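For reference, the structures are reproduced in the following blocks.
Across the two complexes that follow, chain A remains constant while its partner is chain B and subsequently chain C.
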Partner chain A sequence: MSKKYCEKFNIPKHLQVPLGAVLPANKKENKGMITGNWRTVRPVIDHEACTLCLNCFLFCPDATWHLDEKEEKMVWNADYCKGCLICENECPVDCISAVNELEFKGGVVRLEKPF
Partner chain B sequence: MAKEMFLAGCSSAAYGAMLSRVEVISSYPIRPYTGIMMELSKLVANGELDAEFVHGEGEHAQVSIAYGASAAGARAYTGSSGVGVTYAMECYSPAAGGRLPCQMAIADRALDPPGDFGSEHTDVMSARDQGWIMGWAADPQEVLDNTIMYFKIGEDARVLLPQFCCQDGYFVSHIPGKVSIPDQKAVDEYLPPFNNPHPLDPTKPVSHGPQIFPDQGPAIDLQRAQAFIDTPKVIEEAVADFNKQFGRNYDPFLEEYMTDDAEFVFFLQGGHARTARFAVNHLREKGVKAGMVRLRFMRPFPTEAVAESLSKFKAVGTIETSTSYGGAMKGGNLIHEVRSALYDVPNPPPVTSFMAGLGGEVVSLEEFYSMAKVLTQAAKDGKVDQYVYWVNFDKV
Partner chain C sequence: MSDVYEITIWARGVVQDMEGRHMTLIMASSADKDGKFVQAWDDYADLPDRVGVPLRKYVRISDEEIEMRYEYENKNPSLVVIMDDTIVKGLNILWGMDKGGVLVVNSKRSPDEILKFIPNKDLLSKIICVDAEEEFSMEGLDFMGSEGGVEVSAVGAGISAVLAGAACHGTDNLTIDSLVAVSANKEGAKAGYESAVVKDL
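Right after this comes the complex of A and B.
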């Protein structure tokens, strides 16, 4: 918002909005908002069968899959995966399977404080 | 050198988009605007226009594609008619609020039910609170000219707003008229490439539509309101420059026809102005001092210009061509805006509205004559008997 409007309307600093409310995006994970605890089902990958086609990376709505180029393996982010299973659906070689979250030790990430 | 062709509004919109060098076009068929996309697809296929032509799976997708492309920095173009316009309703606020100046070509159409292909302004008028620039052309030439001008206005750094570039379905979109097509070089001089100040860029990522707390809401709304306060000045500059560059003679906000000594005026927007001009000529021959004022921008509504113009007359009749069921005046939309503009004028003229040109009907000369009768009486009495006249049914 331009300076003259902020002055004219006495808008306090914390309410001065950038143009179109378009903000610089986070380049790092926002540790304050863990959504992985919404998950009831976890996608598990069979690295042997995986062809590194990157479908899971492309289709994930939460960007929880990424390719570790050094290890040549797909890496999964437990903090943000909500268990939607789009990756399981889109995998062309069926190397991702859905496993009940409670079968994992520490399954269902718990927040220390409620959100 | 400008080229003269005989084109209907759909084709002239397509030529306007081509001359504007649109980069992404999102299409979906619905009559009558569909002719625009048919023409554009030919221009893209034969190499005259280098643009991405994307087919959305519906109008909601179309507008989403357009503002997504705009967010990435492309000059984006889309369009629709009737229920297609209302199907995309969810997308209008994010596009305007995100300050993404894509353009949507509207060839208006009556809304369902039932199925009516005819022209009515209600479809896009119902989106006039969404924060887009909006205005009607009266003939195919103005459609082409507005297409170019609206990009110039919308993409201006002081504005950055999307635009509805509207024309009457069938009356303007499908009836050919003489169109002077400017040459590309002249348009390039007038309309520079689009420069998005905050494009989607993987090297400098941005977020649109962040979650906010309630106390941040008003500041965001205020910013959007201010954009419309700043827009009229940009419109005046853009229209003056256009007139100079292309030899046209547009008034930025209002076309006044035979108003110098008019006792009353017909106030309207869009293609019915052409019948209105004939009606005014005929009425003048009979000694009736009629005039016409045509609104070129519904948003931003030129409040001061309308108040200044209409306060000169003894009576005003708004020719609605759209519906506002249950609204303050129980008729159309123009009367609400006009009465508001005139509210603070000392001794404002009486204003009545005429429900005419609905469902795709022409506003016939006979209807203009009966409206003139009502307005002549109102000018004499200094008041109106009714605020809404249904011209097909009310006996005058």
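Right after this comes the complex of A and C.
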């Protein structure tokens, strides 16, 4: 916001931020909105075939994929993945496959009530 | 109020919404045919539903008039129906159940495999597994139409009749004869009753 604009409309000092400002989110994960129990199939990644193109990270609507820079592999978050399989569709080398959720013992997101 | 028999149905949002509602309707109308007092409704708390979200549907059956009109949740279900087996991993499905309840699961897996995912399985007296998609394929059916409200001839046309038929093993309040009479998918209801895998615990 320009100085002239701020003076004209009496914008308080703490709201005078430049246009296009990027602010850090106040929370990384919201434990009150766990959506892992919406999932019937889960995406399973083959780390050897993965080329780290980051397509899954870019296209995931729930930000469940991220790159572990130390280990150099993609990490998946079971608590928020809804099993939409957009990542499986977008993967250029087809290293992500869909497997039924009951094939795994882990990844249990057992809520008392849906919401 | 302890003589009111409560049934809770868990379904996946949008994709199984209509089938879940049809199951409440055919269960209620078959018990109504047997001369009982019934209630059947969806849970408003889970709506507006989104694809894959766990939804609850409720049925109440009683020999006397039901006076729980303003309670919109089944606090103490005796029979729980799971329309998609992966829901057992995501939720405490036996919420509020007393010891000696019955669980009906739509699954191609065996009852023992399903029981591995239920930590409070000591509450159950019986588990019934039926592969509803195997008995009645949903391919070719769409989700368009009149929401089941006025189109009485099409209520219970899909897998709901198969699962409700399997649920007849779990309680005396539902009888297979009147269930076949009220549901549109009569072969499915019979097939569900016959092919159900019942395990007493």
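Everything below uses one rule, namely that the second predicted complex is superposed on the first by the 82 of 115 C-alpha atoms of A that agree within 3 Å, B and C clash if a C-alpha of one lies under 4 Å from a C-alpha of the other, contacts with A are read in each partner's own complex, and residues count from 1 in each chain.
We take it that contacts are C-beta pairs under 8 Å (C-beta built on N, C-alpha and C of every residue); 3 or more make two chains touch, one makes a residue touch a chain.
This one's a predicted model, so the numbers in the text were calculated from it and none came from an experiment.
Participant: Go through the superposed model and pick first if A:39 touches only chain B, second if only chain C, both, or neither.
Facilitator: Second partner only, chain C.
Participant: In the overlay, answer first, second, both or neither for which of chain B and chain C A:63 touches.
Facilitator: The answer is neither, since A:63 touches no partner chain.
Participant: Once chain A of both complexes is superposed, is A:93 in touch with chain B (first), chain C (second), both, or neither?
Facilitator: Once the two structures are laid over each other on A, A:93 reaches no partner at all.
Participant: If we overlay the two complexes on their shared chain A, which of chain B and chain C does A:5 touch? Say first, second, both or neither.
Facilitator: A:5 sits against chain B, while chain C stays out of touch.
Participant: Just chain B (first), just chain C (second), both, or neither: which does A:19 touch?
Facilitator: So A:19 only meets chain B here.
Participant: Hey, which residues of chain A end up touching chain C in the complex?
Facilitator: Chain A residues touching chain C: 35-40, 82-83, 100-102, 105, 107-115.
Participant: Across the complex, what residues on chain A touch chain B?
Facilitator: Chain A reaches chain B through residues 1, 5, 9, 11, 15-27.
Participant: Sort out for me which residues of chain C touch chain A in the complex.
Facilitator: That would be residues 12-13, 45-46, 50-56, 84-92, 95, 109, 113, 116-117, 119 of chain C.
Participant: Write out the stretch or stretches of chain B touching chain A in their complex.
Facilitator: Per the stated touch rule, the residues are 97-100, 160, 197-198, 204-210, 212, 215-216, 218-220, 222-223, 226.
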